[in-house]
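As written, the chains take the letters A, B and C, and residue 1 is the first residue of each chain.
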């Protein structure tokens, strides 16, 4: 079975229709835990993008070699390998950013979204299609993280990328750890509302 | 049966490939990681000493590592120091009351002394089999033209969430030159502000006397002091005057993070007091025994 | 019924541990019956036989230092001895660092030329602190924000919440115990620390598979109700966070056990609390766009703020 979508559709599908954070509501932990600044969101987004793309391509490459009965263990092994690679690389070359992300890089290994894409897409499709799909999903996650980070950093510390833009701190509350839940909840509600009002307008 | 063999074969092969990829990355990144960590520490040390621009350290400046050990001989405990001398290294043992016990030369090269394993075996060999040693801490003594100009101490103490690791720079009279937070996991927006200038720089130039009685005060930080600490006052003289006005004050607690503030204040206080006591004891012994350490 | 039994068991377990901590045996050599930390600058010493109040009250007879810093004496400012001479309170100028053991040397107390004893927090108390810390203070869901996908997925009904929590606790305890053995005896001695992620996730999958197989054969009825949750355990980040935490803190086996019990119990607690609220929220009039997940997130945020109140809690 080959997918009938072209590469662009595969990428936008991950960012919009099936956005892992806002639509599928998967991999929520980092979205709540460390999205206090745009940079944090971006770094973890890149890490997830890397793992997703490499795992998708790897599984797609070796899909005929995998014995169907040990499918899931093979996925886990693949993901764990790439997570270890990105974990070691970040720790070595970006120690400051890595310290900010703490345990969350290692935790990518348990992200449901990655396993799900491998099972649903990469193990059936061609290598290029898997690459585009992985890229889309990874980018979708990255965009979600950056958007949440943007809102929290702007409202919480009045800054973007660490640069003071507002000159004051509107609501310190937003970068406090527990506020992550509120921000994600409010944003989900907001997007639902936009979607609903568009749908209504379409009917009229 | 054929199925099982096939599964085992494929799984083994996958594991070997995965292991090779991870092992390769580890070998590749491990060296870079160590080099980066070392570079970061060095950068922090130089910036604490005020040599950050250009990274050039003056010719006359030299750094000497001083390693402290706890020596146990049967029931009794001693403090031991590995001292750099002009002729090589020597291990000095001092009793708990500050009396001189023994001195033995240790066979080590300049590079070997930085490797904890080789250092420990060399010292153990020099001391003989009845004594056991335990590494306690290490201090960098900075000299300028042979005169001591600063001490650099690494320390770790419990914070609010996990431990906080810092590098503390002390002047020869044990007043604080500055400190830098190396590791912490305090909450962003609250305890994490211990890294910020307006908190860190409150400690600068505090005399040893004021450190001994240092406390946390739960009052809002005065605006002019905040501006001066963050370097937002353009005229240098005005900024210096404000800094001087608050120089011997206690530390203003971070809003909503009194426990983190207290942890840092107490940690620095304890580090400074312990170090001052130890170096004075060591100096007395060195003067008494006429040992010429290279610092 | 099964769950009720388990809850009862948990209560008994707690009671047993508390009892052990409270009557931790009075041991120690010579005249000292027991020692403990009092206020933040106090050490309390109980004597087996009464000592002379006047002699024991002299501050200069005591030499106190932290075990790791034998050369730094902590100055005793005042000693208060109870009238019957069985209890002395040593006060110090500065607050003590109660996490490390303190050595006290007393000269001429109770007719002995010199007695030395150590003061430290009770180990069982420390174990309990690890447990409570993982359960409440550092609850994995509400203060570390881990395991959220599964948390929101299974907290719609109380029944599923309980099932998921119990299954998760069992898997986590077994998997982390195995991880501890492998970490201490294979990864650490051979400097294979970088394989942590693969090994820990592999052991978890193995545990899930094993529990699945055993339960299917031994108790098919139980399997029917709990089997579905087993698959979800592997997608829960807590299951990998606990062994990583264990490795970075260098816990010994008992501490590891307490940590994993606390993590599992904390997850169960979080799920139960959340499902209780969500069952009611369903009946409430929530604005249309916020129905379902968004409102659940906001409720979780409120729980997270409430759990902040546990921070700084010190029991032992």
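Here, a residue touches a chain if its C-beta (ideal position, glycine included) is under 8 Å from a C-beta of that chain, and two chains touch if they have at least 3 such contacts.
Keep in mind it's a predicted model, so treat the numbers as computed, not measured.
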item	value
Pairwise touch network: line, ring, star, complete, or other	complete
Chain whose Cα centroid lies nearest the overall Cα centroid	C
Chain whose Cα centroid lies at the greatest distance from that of chain A	B
Pair with more cross-chain C-beta pairs in contact, given B-C and A-B	A-B
For chain B paired with chain C, centre-to-centre distance based on mean C-alpha positions, whole Å	30
Between chain A and chain B, centroid-to-centroid distance (C-alpha), Å	38
Overlap residues in chain B, where contacts from two or more other chains coincide	18, 22, 25-26
Chain C residues counted as touching two or more neighbouring chains	194-195, 198
Numbers and ranges of chain A residues touching at least 2 other chains	73, 77, 80-81, 84, 88, 177
Complex interface listing, chain A residues touching chain B	36-37, 62, 65-67, 69-70, 73-74, 77-78, 80-81, 84-85, 88-89, 91-93, 95, 99, 102, 156-157, 172, 175-177
Complex interface listing, chain A residues touching chain C	25-30, 32-33, 72-73, 76-77, 80-81, 83-84, 87-88, 103, 106-107, 109-112, 115, 177-182, 184-186, 188-190, 192-193, 196
Touching residues on chain C, where the partner in the complex is chain B	68-72, 95, 97, 99, 194-195, 198, 311-312
Chain A contact footprint on chain C (complex, rising order)	142-149, 152, 194-198, 201-202, 205, 234-237, 239-241, 244-245, 287-290, 293-298, 300-301, 304-305, 307-308
Sites on chain B touched by chain A in the complex	3, 6-7, 10-11, 14-15, 18, 21-22, 25-26, 29-30, 32-33, 36-37, 40, 183, 185, 187-190
